[in-house]
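Look for chain A in each of the two complexes below; its partner is chain B in the first and chain C in the second.
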Partner chain A sequence: MAEPAYTVASDGETTGEEKSSSSFPEIAIGVDIGTSQCSVAVWNGSQVELLKNTRNQKLMRSYVTFKDEIPSGGVSNQLSHEHELFSGAAIFNMKRLVGRVDTDPVVHASKNLPFLVQTLDIGVRPFIAALVNNVWRSTTPEEVLAIFLVELRVMAEVQLKRPIRNVVLSIPVSFSRFQLTRIQRACAMAGLHVLRLMPEPTAVALLYAQQQQQMIHDNMGSGSEKIALIFNMGAGYCDLAVTATAGGVAQIKALAGSATGGEDLLQNMMRHLLPDSENLFLGHGINEIKLMGLLRVATQDAIHKLSSQDNVQIDVDLGNGSRICKVVNREEFEEVNRNIFEKCESLIIQCLHDAKVEVDDLTDVIVVGGCSYIPKIRDLVKHVCKIEVYKGMNPLEAAVCGAALEGAVASGISDPFGSLDLLTIQATPLGIGIRANGNRFVPIIPRNTTMPARKELIFTTVNDNQTEVLIVVYEGETEKAEENHLLGYFKIMGIPPVPKGVPEINVCMDIDASNVLRVLAGVILPGSQQPAVPVMEVRMPTVDDGHGWCAEALHRSYGSTLDLVTVQKKI
Partner chain B sequence: MYKTKKLWTPLSTVVRRALPTTCHLTPYSPNSQIRSSSSRLETSSRVSLSLHYGHDFLGNLKFSAKSFCSQSAAKVDATTKRCWNCDAVAAGMAPFLYCDSCRSIQPVDFSVDYFQIFGLEKKYEIEVDGLEGKYKDWQKKLHPDLVHSKSEKEREYAAEQSARVIDAYRTLSKPLARAIYILRLEGVLVDEEQTVSDPELLTEIMEIREAVEEAMDSQALNQIQSQMKEKLEGSSSSFANAYRSRNFDEAVTCIQKMTYYQRANEEILKKL
Partner chain C sequence: MYAALSSSSLAAKPISSFSPISRRGKAETVRSSVQTPSFKSATAKGNKNAATAVTLARGSLYEVLRVERTASLNEIKTAYRSLAKMYHPDAMGSSSDGRDFIEIQNAYATLSDPTARAMYDMSLVGRARRVWARVYTPRTWETDQCW
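For the complex of A and B:
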């Protein structure tokens, strides 16, 4: 075995690698790009401060409108009326579309947005376009996010009077590593360097850790460990974490998340009010866009009102001779969205279970995000956790404040009063493993493993004289391999021809301190101490856009000829 | 059945992060297991993060008894330790992983064992509740997230130290892992491959396996599970006794039992 082990690495853009920064520490800003709203916060030397745009807003709508020659986003642009957002010229909800293929149900649920989301349902990236002067102008989620991030960056640079490069971004728990690369790409397009991508509830956990520390300083709290459940539901995602906090350290015990949010509540309500709305809208004609916009505004408004009142009068003239005039009460809204609330409840139960935490162990339960204003959401959280909701946080600002704290901590800033004496110990939000045992997903690093992490499993061949095996790497929780997120694939070749089950194929997964995932695979034959072929080291993800059909194509081309199975442990 | 675990250590050594820059491994040499160095222990125990998959865990712990004896005999002499960065002399009795004067993270010192990291006396029965706080204290000093702006060298130290503390925490907080580790420090190798010769245990294993397979509902499984828990606790305290009286043969038997009960437990959890 004289040949050196060789390395297969993906291209640089997907890296989370940090360059050595200059001697003077630049404080990274915290950015929360929500599905519906976004915000920027920064450590100002003594506390976290939210930055405001020229219109004095701390929370800005997340959209980009292509109305004029130069696209403009919600940071700088002023909408003349809410309806302008739904004219087809504005692109929004990008966080629901970024890094998804056109077979994804979340993409399909976006097809009745006023702008164009076209799918071919074959696993390529969806076609997205804005209506500009009666022309569908194409764009991509990354481009929209980048335009938006540039506006946020400029806003922060003007206010902080310094160039901004490093950011800590909060992201949904359920984002795959492939989606993370798309976020990193959008940041790179905007001239920003991602210092850290933080699952949203873990940013909230860090803020909670700081608040608990503060209370000890003020002699109000005890120094013992506190366990909190964080429930964060915005327009696009529902994310949860269980955190164990002591001494300013937030240890993430478990994460759970789903692409379930206010947008789903809204769409269910729209369908309820106008049952054939989806079919009506498929063609994306000018009149239908207008109609849909009217319905959307009215429904959104009604949902907001139902948070504070028991019933609401909806009266919307759809302009084509039809008119919806209806009183909707809160029970009706809750009934229409029953499956969503059930989903939320099951996520809470799952997260507590994964954290091995009983309801009685909880010190606090924190409910944040736009949906936290919905009474049913607060009720169901209270119902499951059996304690009152924590009151010390602004539900719309918690995630961005946590991201800003992480930005300061990760930039090496220390505070004389110990306010930055903080740390988050992260856990993996999704399992990472390979396809084996037929079409099964076999996790190698299970979900909720403390990072950095490294784990290995042994596999073997399924055919006699099998000289190659295909390693297909997935991320997710579902037993069927292809229902998880594909991260990449590679072959191990040159395995000596021996009966099936003889070669030991060791697959090792390593997530380092920068959250970079490497997959190593080696082959050993019994009786030998040396690898039969050079060990493969592959940095993941390696897939690029439109990867949905890859797994299927691989299956069609190779069948089970390159399969592997796990080596059973003895009981 | 051939042995399924030889690749563990070799493969792990390929990952650069795992390798302290100064250590010299000879992972592919058949003799290396006997000449096992302290760094080799480190690599092996790092892999044992996969405690989860019971089958590979024990397999990782193959190293020479001798080197451990000598190692644990060599007491850490804190007074002679100096910070690589500011040359300050390590103060106090705490293991020197971090320099308090210049706040820099020190390179991994393999002669410091997991008990020392947690400021514990080297014994099997420990107060597990106190571990988490100490673990967090260390992470607040050693976690790689906190040294972004520092040199590459120190970032590497952080990654290694922090991973080692995670390992130490996981090892000490779980009775079986702790038992195996403490025997290892005494130079006693626990070999998973060793066939069970005790007919009594063998029969028991068969019976448990059958019971699990035949269990019809979750109630039956829960019942077996609580039995397993009881048995685990039983062998855990027999281990404590055996270890205290330095009856290592008996201690190894206890570990074998604990391993089987734990696996049975995992099987039950899978079915539940």
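For the complex of A and C:
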């Protein structure tokens, strides 16, 4: 599935003058490409600074319009009106779609966006297109992300007067390693090198660690360990972390995340206001798109107002003879979205539980992201954690500031005042394992394992004289193998024909310092000290775009003939 | 054995466990005789990190974290953080493959968990006794023959 390469060479790249001046290490910039907004920050030598576009904005809308020959994104483009976003020519919410196959519920929930998201429901990538002069012009999430990454890069290059290569990007906790490769692909298309991909709440955790260090420096804080829960909810994702901080070290104890965000609140409200809206939009004609856009703007506006007032008057003429005229109060909004708020609450409880932290142990609870302005969100976090919300951070800038700090630290920059004497000890957001014991997912590196990590488990064959075994690698939390993210698969061949249960098949997973996952598998027979066949070493993920049907096809072709079971270790 | 409880601890693994990963000499010097087949992975970058690895004391997990056997939980946490700042790959730059940090992490994982630490302490005592038993047990008629 080829996609058009989209790269723009940096103007500064060709001038020798700038190259010679970069004798000191290049400081990586921090980038937050949010579902709805994006921003860039950089360490300026003494502190983190957010960069502004030509219209003096620090936070820019994450979208690309295809109305002219050259697509333009929200960094450079100026919308004449909010409705321009909903003409069919603008593509947005790509962070929700990147790296997902068309059987994914998140993709299905995106089908009522005011552009084309088409699915065949067979596990291939969805077809995404913008309406340009009555033509559906196809694009990909990677291309859209790359277009505004280029704009962000150019903006930073102009302001910092140097070429930008290295970036630290914040990413959702729930992203699979396959999705991470898609983000890296988008960066490569934009001519950027990814220095680090940081789960969003861990970037916030690093900023928190720096603030705590600063307080000790100012003789205002104590040097003792501080445990904080970070709750980060934006338009697309809800991400959490529990961090233990002391001495500038942010140790991530647990992560939790879900593709639940402001977009879901918005869709629930749209459904509430116009119950048949989804069916109405299925046709994706010009009029339907316009109608979708009108409803979206009105609902979004109402939700924003409900953060500061108890009720809001919605009055929108949908242009097809129907008109929505309604007063919505805050209770109604909270009731309509009850499932979302319950999900948020369960994520907090899960994250605290995974971190083995009691509510009483929490020093601070940090609520950031666009949804942090919603009173119900703040209330439920306070209700579960039983403490007031931390006040020292800008909710919309915390993640990008943390990414910029990591950018400076990872670029090897040191600060005379010790402001960059920081370290994040990351943990794995999802378990990684293989399919074994029938159709079970057996994690080898469990969720929340400190990285870098290396773990191994021993398996054996299920059939007599089984000379081959299939190693199918998944990432996730669900017990049924196929409900997790498929990362790749390979076969070990040439196992000597022996009864089942005899060969010892050791599967080792290794995540190195740069978060590269390798899977190693070796076979040993009893009485031998040497491996029976050469060891397989595979860098994951190996799957490609339309991978949703791969596991099913493997299962159909091989059944259980190449299966594995775990070996209970004799102690 | 403690390995049963703290499966997260690599350092605490029984030495008979098979590993497809090269431990690259440094561990073999300690876990000598029963060293299992270890075949080199393509990721192994040779021995250039051996020098840094040597600085990490082998032996007990307490030695890895450079704390006393009687260290408090706070002392263990502080030691872990300061070692992390030195040995974490992010702090060391590209010269590190993370093996040293994994070892520090594993020691910390066991010693920061009171239950796992208690089990580990018992196993240390047990290990000492076994060594004692092998070398010095007086062979009497009763113990050799009557059982």
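Worth pointing out:
Quick note on the criterion: the second predicted complex is superposed on the first by the 545 of 571 C-alpha atoms of A that agree within 3 Å, B and C clash if a C-alpha of one lies under 4 Å from a C-alpha of the other, contacts with A are read in each partner's own complex, and residues count from 1 in each chain.
The rule we apply is simple: contacts are C-beta pairs under 8 Å (C-beta built on N, C-alpha and C of every residue); 3 or more make two chains touch, one makes a residue touch a chain.
None of these values were measured; they are calculated from a predicted model.
Taken together through their common chain A, the two structures put chain B and chain C in a clash. Of the two partner chains placed around the shared chain by superposition, chain B and chain C are both touched by A:R454. Once chain A of one complex is fitted onto chain A of the other, the partner contacts of A:L195 are limited to chain B, with no touch recorded for chain C.
Once the two complexes are overlaid on the shared chain, A:V409 sits against chain B and chain C alike.
Contacts of A:D510 after superposition: both chain B and chain C are touched. Applying the stated contact rule after C-alpha superposition, one finds that A:P526 touches chain B and leaves chain C untouched. In the superposed pair of complexes, A:N437 makes contact with neither chain B nor chain C. With both complexes placed on chain A, chain A has more residues touched by B than by the other of chain B and chain C.
Applying the stated contact rule after C-alpha superposition, one finds that A:Q350 touches neither chain B nor chain C. When the two structures are aligned on the shared chain, A:V567 is found in touch with chain B, with no touch to chain C. Contact with neither chain B nor chain C is seen for A:S307 once the two complexes are overlaid on the shared chain. In the superposition on chain A, chain A positions 225, 246-249, 251, 409-410, 412, 421, 423-425, 450, 452-456, 458, 504, 506, 508, 510, 512-514, 518, 520, 522, 524, 529-531, 535, 537, 569, 571 are in contact with chain B in one complex as well as with chain C in the other. Contact residues of chain C toward chain A in the complex are 1, 3-4, 8, 10, 14, 17-21, 36-37, 39, 41-43, 74, 77-78, 81-82, 84-85, 88-91, 93, 96-98, 101-102, 105, 109.
Those residues of chain A lying in contact with chain C across their complex are 225, 246-249, 251, 409-410, 412, 421, 423-425, 449-450, 452-456, 458, 504, 506, 508, 510, 512-514, 518, 520-522, 524, 529-531, 535, 537, 569, 571.
The touching residues of chain B, counted against chain A in their complex, run 2-8, 10-12, 14-15, 17-18, 28-30, 46-47, 49-50, 52-56, 132-133, 136-137, 139-140, 143-152, 155, 158-159, 162-163, 166, 205, 209, 260, 263-264, 267. Residue ranges on chain A touching chain B, taken from their complex, read 5, 18, 20-21, 25, 195-196, 225, 244, 246-249, 251, 409-412, 421, 423-425, 446, 450, 452-458, 502, 504, 506, 508, 510, 512-514, 518, 520, 522, 524, 526-527, 529-531, 535, 537, 567, 569-571.
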